[in-house]
Amino acid sequence: MAINWYKYSSPAAFYPLAGRLIPWFGWSAALLTAIGLVVGLGIAPTDFQQGEAYRIIFIHVPAAWMSMFLYLVMAFWGAMALGFNTRLSAMMAQSIAPTGALMTFIALWTGSLWGRPTWGTYWAWDARMTSELILLFLYLGVIALRNAIDDPRRADRACAVLSLVGAINVPIIYYSVKWWNTLHQGSSVSLTAAPKMAAIMLTGMLIMSVAAWFYSIAVSLYRVRAIIVERERDAAWVNALPEVRAT
Amino acid sequence: MLEAQDLAARRGYSQLFTGLSFRVAAGEALVITGANGTGKTTLLRMLAGLSAPTEGIIRWEGRPVAPFDAGLRHALAFAGHSPSLKDELTAEENLTLLVELAGEPVERGAIHAALDAVALGRKRALPARVLSQGQRRRIGLARLRLLRRRLWILDEPVTALDAAGTSLLARLVAEHLDGGGVAVAATHAPLGLPEERVRALALA
Amino acid sequence: MHATGTEAVGVSASASEAVDRAAAGDAGGAILPAIRWSLVRDLRIALRSRAELGVQLLFYVIVVTLFPLATTPERNLLLTMGPGVLWVAALLASLLSLPRLFAGDYADGTLEQIALSPHPLPALVAGKILAHWLTTGLPVVVLAPLLGLQYGMPGDALLVLTVALLLGTPILSLLGAIGAALTLGLRAGGSLLALLVLPLYIPVLIFGAGSVDMWRAGLAVAGNFSLLGAGLLLAIVGAPFAAASAVRIAMD
């Protein structure tokens, strides 16, 4: 079955498609989260080094992975918007940013909570956490730039340039922070070094990661629908929507 | 020859104009009128290639041009709202820099002559800061005369010009059109051009 | 005044010139004259507003002086803090002046002329960035060793610091130009610019300030300098294009 994907590149066509996809991703995410939490909180064995506290990695690690992945996706949609001048690509980038920032924040918060019982401190300046913090700044920068520019088209393109420059920088930043960390802390324990992974723990983390991924997709689709309605508010098809008519 | 086909423009969330089409041949001037906020400046900036139209195509000499098109940049002299002068630099330095920026060779004698021709000869060593608005505009006129450009796009060129300045501008435009150039101007003032040379476009 | 006949000849001759120029495109010979144009212009303008330059250097000196006042003049602590403070203060001083990179030209309409120039925009932007570094970064590099004495840093450490700043401050001007172009004309301009640029600058800060620590620990700093140099090259090649792109976006 040949699907004409291009027809979905217009906001008008994408809007209903997104609406149909959201429940699938949303419920899958909920189900996977439930399974993942059962595995992580119930089935996975107690770590002999870190006790029960380590279980927070089942939220921390997926959130951290998502935060980095979503930044790349956001930069990708920005590149699409710059290259093909499509509004919808820019709207996708716009919708992903807040979710990415949220994932980063969750990663930081859970990482900090993990640090307390494991290391005795809420913040230990280790390489991964510090990089995660800088990633949060990058996300907030994109969001702040979007909010500061009134004209939506200029905002689209400016944020695309910024997220691309940021994406190039992310590996450089990570490498430099890692170097900084080894310079000053030598061979200290890395806070976020995973405990020796039993296979079941890995499975649990993977399930939670996919759950986080589906959650992010669902939320981004939901948000992009709101963005579409707002930005295309002059279009006839928007004003014909039942949800718009009702307001 | 400048041609526009079905141009549309949006500023933020408001639709300025749609379905705008026109053609300006060599030796003709397009005079754009309209109240404030109708999109005159937006249209001029689109034609100059500073921003992309929401819809539609612009053609210069038969070729479609995208924003910042190289060929168009070589053929264009754009005069925006502000006279594009640096306060700290003298009239002479400003004019020299603008001509250099446009990629044309600069010769001191020509600069002096150009400033003389707009009655700024004796003020050429003064910093632009001390010149009046009208005098700053005249430097812009001197620039137009010096640059050899086929397409002139002028946004409210009559602003701050006195009677002498306005007639100088009219003369410059007439000569430009005589030489086969194209002019597009947003202006309220009549430029004294013969009717058959002028195409009028009123934005509502 | 000119006779109509010669005008006509002049215009049609220039029309073919224009087509030739357009055909030759933006590349090649047009780059250096373009860089020269903005470099000389911006330097001339900066030198005529000397007061502004002085203020920024003074800001640098004051900030560097603030840290011992806020912490302690104790020798060992100052020695440890010194390179970091000098770097961060250099960062802040540069951020102060970055908005002015494009804002002046944006306000008086010159930036439009620059964007519409037949010269390649990245080259014009590169000239502006170079002028910015010469008027803001270079003075900081020259002043830093003097201020390093305030922190009790020995001569060899000061040399390492200076070389690192020499490599790092241009990178700041280059990255900062991208931020300055993106935030052109925006209300929250200055602070937003800082928010955008600082995270991107962290690697330079780490490797630059870290080189003095390496030196003190007896480790080779050549690696750091190579990294900074590589970063500088990457920035020189990439930043003018990104900034030119951002300028065009701001012209919309």
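By written order: A, B and C. Residues from 1 in each chain.
Here, a contact is a pair of C-beta atoms (placed from the backbone, for glycine too) under 8 Å apart; a residue touches a chain by one contact, two chains touch by 3 or more.
Everything quoted here is computed from the prediction, not taken from an experiment.
Remark: the per-chain Cα centre closest to the mean position of all protein Cα atoms belongs to C. If you tally contacting C-beta pairs for each pair of chains, B-C comes out on top.
Chain centres here are C-alpha means, and the one lying farthest from chain B is A. For the pair chain B and chain C, the distance between C-alpha centroids works out to 32 Å. Centroids of chain A and chain B (each the mean of its C-alpha atoms) stand 48 Å apart. In chain B, the residues that touch at least two other chains are 52.
Across the assembly, chain C contributes residues 252 that each touch 2 or more other chains. Residue positions of chain A with contacts to 2 or more other chains are 151.
Against chain C, in their complex, chain A makes its touches with residues 134, 137-138, 140-141, 144-145, 148-149, 151, 153-154, 157-158, 161-162, 164-166, 168-169, 172-173, 175-177, 179-180, 183-184.
On the chain A side of its complex with chain B, the touching residues are 85, 150-152, 231, 233-234. If you check the complex, the residues on chain B that touch chain C are 45, 48-52, 67-68, 70-71, 73-76, 78, 80-89, 93, 97-98, 100-103, 148-150, 171, 175-176, 178-181. Residues 1-2, 4, 7-8, 10-15, 17-19, 21-22, 25-26, 30, 37, 41, 44-45, 48-49, 104, 107-110, 112-119, 121, 248, 251-252 of chain C touch chain B in their complex.
Listed in rising order, the residues of chain C touching chain A in the complex are 178, 182-183, 186-188, 192, 195-196, 198-200, 202-203, 206-207, 210, 213-214, 231, 238, 242, 245-246, 249-250, 252.
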